[in-house]
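Given below, in the form of structure tokens, are the structures.
Below are two complexes that have chain A in common, paired first with chain B and then with chain C.
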Partner chain A sequence: MEGKYSTDPEWASVTPIDLDDGSSSGAMPLATIAYPAEYLEATSYLRAVMAANEMSERALSLTKDVISMNPAHYTVWIYRAKILFALDKDLNEELNWLNDVSLKYLKNYQIWHHRQVLLSSKAHFPTFPPKEADFLMEMFAQDSKNYHVWTYRHWLVRHFRLWDQPRELEDVEFLLKADVRNNSAWNHRYMLRFGPRDTSLPDAGMVNAGDLSTAPTEKGRLSIVDEDLIDGELKFAQEAILRAPENRSPWWYARGVLRAAGRGLAEWEGFVSGFVSEGAVKSSHAVEWLADVFAERAGKEAEAVRMLTMLKEEFDPIRKNYWDYRIRKLDQAVA
Partner chain B sequence: MLLGYLTLSGLDVLGVLQSKTTPEERQGYIDWLYHCQVPSGGFRGFPGTDFGPGKRNKDNEAWDPANVPATFFALVNLLILGDDLSRVKRRECLEWLPKVQRADGSFGELVGPEGSVGGPRDLRYCCCAAGIRYVLRGRSETGLEGVPDIDVLGFISFIEACQTYDGGMAESPFCESHSGHTYCAIGSLDFLRRTCNDLKPVPLLSAGSNQFEALITWLASRQTAQLEEPDEDEDEEQREVTDTGSIDNRVRGLPNVQPIGADTISCAGFNGRCNKYADTCYSFWNGATLMMLDQYSVVDEVRNRRYLLEKTQHLVGGFGKGPGDPPDLLHSYFGMVSLAFQGEVGLSPVDPTMGSSERTVRHLESLPWWQS
Partner chain C sequence: MALVSGPGRGEGIPDSELHSSKHVTYIKNLDTRKDELEYWLTEHLRLNGVYWGLTALHILGCPDTLPRDQTIDFVLSCQSDNGGFGAAPGHDAHMLYTVSAVQILITIDAVDELEKRGRGGKEKVGSFIANLQNADGSFMGDQWGETDTRFLYGALNALSLLRLMDLVDVPKAVAHIQSCENLDGAYGIRPGAESHAGQVFTCIGALAIAGRLDLVNKDRLGAWLSERQIESGGFNGRPEKLADACYSWWVGSSLAMIDRLHWIDGEKLAAFVLQCQDPDAGGFADRPGNMVDVYHTHFSLAGLSLLKFNGLEEIDAINSCMPKAITAKCLAG
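Entry: the complex of A and B
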């Protein structure tokens, strides 16, 4: 077959390796994909240069061609990264190209891992390239909850030690201002505030939780607490709750903040009680909060059950079975 | 490999794999799966990286690597097809597994150039790795003398570190909690629990622990009547905050939440993250996790069934991602399995951890080399 590569003098020295899907020996491929001829040709040349472990300009441009047809091909990205480093290519140029590919394929994760592999090179990126933050905000303008982008941003923060760079918090606050229900942004804020700065220690979703030697009761708790920071975060969560009282994110953020500080849910009892009075409930999450406060207080179990029953019967009927599960546990505790 | 799994397992759960395929076809599929096995152990995701016989060497093997998810799904596919795994390079595959584990306990997806662990730190690889270990190690050490095990304690520690402040589990520590990754976290631990008799109790699997109860709360909170993006302005507005007056006064000034009549909500699916809309596949990811934790009873089964059958099932058959979406393999399979968890007539019981019929798991556990 005459193709782009078979007719190109630059590729004349290469013998392409055809796809062997096993069918010639009687195997029946599962979920066969009808590849277009251009893709079949390009990948037959890709196999040939990979088999020769060739690190060359022509192999590099071939990987770009294959990626443009199938960005989910998982080895072509690794091969490309290896060539980029072997030929000492300009990685900023690569990033510019990646920006376009990322905006085109929003849900592809290989792209983001490739980006991480490039940025990991201390020789090329000894310090944080500020343009990264601009590009990530461009991605968030497309989808402010894109999981791959947030995961990458988390990695950037840890790699370049950006927890306390003003830009990080500014971006989070910009996104929360646009959508106070953006749970991804809330989560990023938690990581900025409470992520362990000592990167030699195991990283954990709750402070200390990743360390085998930590007692279960201590997990999620900071060893040194900056009380002003905690108060500021609690205030921030309260303001967000006042903007949208049924928004789950800040309620759970506040729980995480209190736990990090080793301060209990009861600290918010006064604030939360204001949301719950006879015949006037301002937030179902406040009812749940009070149920949790009362459930932990001896002699207050009946109050807890009253709150859980209110959720079950009035505000959250979908979770009837869950509220019953909670009520049963309290009954068992009392009995 | 994944598409093959969704198709084969789908037919198996429907109970028609034997009637809709011939013995010759099934043997052909088995041969193809073995064709995807890498000489050094493990499976590739598709034959496209194979250079052909005799061309593989130390310099180029990184470009044709065994892949962790592909290996897990290849094994499950073989089991669904009734194969006894006798052609699997069991020893080599189990020797390869610790090489894709990192010092922090997490797994990558492959061994990259110079023996590095390639791919992100990601609970999906952890779950598939634990699944490979469960399938190939079994309860017997016979034939595995001198084959190093993975770092089980480091692995558990990494998984525990992925629990977030809201109780769910994230792709890796400090990322956002996500139902797919939560499934992978609990699936990993459940795979370990099935074969490690001396495993210390893991709080995430222990009813009554803070970790367990926070996780149940988070999973139950994923069920939602928010099925699609609301029309403009229907959403609860974000109030402009007037920072005046005491907090108490400002709270008093908020509007009341109106009680919701149980008879006004007929359907409720599941979302995968806080404040997202329902999606067919999350009926599986959340439901299967609750099955593994033995707490499926917190689910509103009736509303979930109506959501799937009346909202995301498509006229032509199969399920789409959301109401009105065209059906695809992934959502069709996971929508169907969610119904199987609830005992839907005509569907075979499904093992939530393996994601395949209980029949398939019984087949594995009956293989002589697997048993203790």
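Entry: the complex of A and C
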């Protein structure tokens, strides 16, 4: 077969290695359309240079060719990263190219690990490259909940210690302004404000989450609390709730903030009651919040049951058995 | 097994019937589609695809549909010298494919072929997996270093099926899972990453295999998981996202592991999943109206099996997404 590589003098010294799939029927049926033929040829040369662990310009451009045809080919990314470091290539140039690939293949895992491998190099990136945040916002313009991008951003924050960099919070607020239901942005906000910062310990979703000796109710509880910060975050959550009362994220966020401060749900009783007046309930999450407040207050259990019954019968009948369980638990506590 | 999507689409109209024979035919025909462009682009998933197709056929009660010898040949052709398996022949070994290889070999009772064909036996596979554990208890996917809870779950899953759990530090793995818990009681793909139903499955599954479900706040997690059921009856993977048939497995099995599957409306869930099937050409899509593929076909059927849908073999929610009759035999004694 005459192909791009087999006819190129630069590649004349390489003997391609064909795919061996162990099939007893002989050779794999070669595809009749043009694209797989090119792909098969490129990957046969890739196998050959990888087997020889060749660190060269031609191998580097071959990896680019294979990635352009199939970015999910995980093996090729590992090899490419090795060559980049071996030849001491300009990693900023690599990032520029990677930006285009990332924007084209939004669901790809490998691209983000590759990026992390590059940015991990203290020799190349002793400090945070600010253009990185611009690029991530370009990614979020395509899909503001892209899980890979958010996970990578979390890594960046910890690696470069960016918790208090104004840009982080600015971007979160920009995204929440555009879509207050963006749970990914809410999670990032929580990690910026309350996530563990001690990089000598393993990372965690809440402070002490990974510590088996910490009681479940104490996870996420800060040892030093900045009450002004807490009040500010609670206000932020309230404003978001007023914009979209049925949006789950700020309700969870508020619970997390109160827990971080070691403060109870009851201080929001007034606020949530505003959503649960006779004849007009504007948020099922407010009803649940009130149920939780009443459940902890002696003599208010019947009120809690009334709230849970409302949830079961009116707002969330699809989870009838869950609400029944909560009601039963309360009944048992009273009895 | 090809992962080419289509040809059909989820019908998107209410249908109380499961078109089992159509699904069997759909899976059987997947491997005859090598002349399609997408066959090559999904090369990196091929071994997973065999697992999905094979397990789906078992759930459908047709375990002997794929030729056993050829399946073994293909699986072993994906093995590297280091004991791990790649997605397809010539691909580097990686955790995700090694787990699929183990699941397939256990399912067709062929683990001893590793020894017979001079591949170093199951211990070699086990040591490939064990070598990917990091100092903090987490696992990498391969020597490249990508680390997340999918790999940790896969490691424990495969090692428990091979009965080689003592090769790794289980308490440290458990501590790592704990650190992935978030303020909402659910879990993310890494510490600090947003809660995601797929990652809840990997974290809870790992704790189940390690025998440490006592560490889970079951009421809180059950509340989060059951909230994934939305109006259509289907589950989403995160708040404010669309429903997807594959979450009937990720969410459903997680609820089953913490004994709270009854907190959701099973009838509505089944009705949603059935709308994702193509009643003519077979297969399931992620949601009604979209193209079918083998991944969604497998996890839709697994989800329906969890709900004890009539005519399906029972799936094991805890030890592995495999037929219960097989895991029971493998883990007995």
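By our rule, the second predicted complex is superposed on the first by the 318 of 335 C-alpha atoms of A that agree within 3 Å, B and C clash if a C-alpha of one lies under 4 Å from a C-alpha of the other, contacts with A are read in each partner's own complex, and residues count from 1 in each chain.
Throughout what follows, a residue touches a chain if its C-beta (ideal position, glycine included) is under 8 Å from a C-beta of that chain, and two chains touch if they have at least 3 such contacts.
Fair warning: this is a prediction, and the values are worked out from it, not measured in the lab.
Asker: State whether chain B and chain C clash or fit side by side on chain A once the two structures are superposed.
Answerer: clash
Asker: Identify the partner contact of A:63: answer first if only chain B is touched, second if only chain C is, both if each is, neither if none is.
Answerer: neither
Asker: More residues of chain A in touch with chain C or with chain B?
Answerer: Of chain B and chain C, more residues of chain A lie in contact with B.
Asker: Looking at the overlay, what does A:36 touch: chain B (first), chain C (second), both, or neither?
Answerer: Second partner only.
Asker: I'd like to know which partner A:281 touches here: chain B for first, chain C for second, both or neither.
Answerer: The first partner, chain B, only.
Asker: Quick check on the superposed pair: does A:321 touch chain B, chain C, both, or neither? Answer first, second, both or neither.
Answerer: both
Asker: Figure out whether A:187 sits in contact with chain B (first) or chain C (second), or with both, or with neither.
Answerer: both
Asker: Quick one: classify A:144 as touching chain B (first), chain C (second), both or neither.
Answerer: Touch status of A:144: no partner.
Asker: Touching A:238 in the superposition: chain B (first), chain C (second), both, neither?
Answerer: A:238 sits against chain B, while chain C stays out of touch.
Asker: Given the touch rule stated above, what does A:271 touch, chain B (first), chain C (second), both, or neither?
Answerer: Touch partner of A:271: chain B, not chain C.
Asker: Between chain B (first) and chain C (second), which, if any, makes contact with A:113: first, second, both or neither?
Answerer: both
Asker: If you lay the two complexes on top of each other, which residues of chain A touch chain B in one and chain C in the other?
Answerer: Residues common to the chain A contacts of chain C and of chain B are 17, 19-23, 28-29, 31, 43, 47, 73-75, 78, 109, 113, 145, 147, 150-151, 154, 181-184, 187-188, 190-191, 195, 202-206, 209-212, 216, 219-220, 247-249, 252-253, 255-256, 259, 318-322, 325, listed in rising order.
Asker: Spell out the part of chain A that touches chain C in their complex, as residue ranges.
Answerer: So the residues of chain A touching chain C come out as 17, 19-24, 28-29, 31-33, 35-36, 39-40, 43, 47, 70, 72-75, 77-78, 81, 109, 113, 117, 145, 147, 150-151, 154-155, 158, 181-184, 187-188, 190-191, 195, 202-206, 209-212, 216, 219-220, 247-249, 252-253, 255-256, 259, 318-322, 325.
Asker: Spell out the part of chain B that touches chain A in their complex, as residue ranges.
Answerer: So the residues of chain B touching chain A come out as 1, 3-4, 7-8, 25, 28-29, 31-36, 45, 47-52, 55-56, 59-60, 62-65, 67, 77, 104, 109-110, 112-113, 118-120, 153, 157-158, 160-166, 169-178, 203, 209-211, 216-217, 220-221, 223-225, 236-241, 243, 247-248, 250-252, 254-257, 259-262, 265, 268, 273-276, 295, 297-300, 303.
Asker: For the complex, which residues does chain C have touching chain A?
Answerer: Touch residues, chain C against chain A: 34-35, 37, 39-41, 43-45, 70, 73-74, 76-77, 86-92, 94, 136, 142-146, 174-176, 178-184, 187-196, 215, 217, 219, 222-223, 226-227, 229, 231, 233, 238-241, 260, 262-265, 268.
Asker: If we count contacts the way the header does, which residues on chain A are in touch with chain B in the complex?
Answerer: 17, 19-23, 25-31, 43, 47, 50-53, 73-75, 78-79, 82, 109, 112-113, 116, 145, 147, 150-151, 154, 179-184, 187-188, 190-191, 195, 202-206, 209-212, 216, 219-220, 238-239, 242-249, 252-253, 255-256, 259-260, 271, 274-275, 280-284, 314-322, 325
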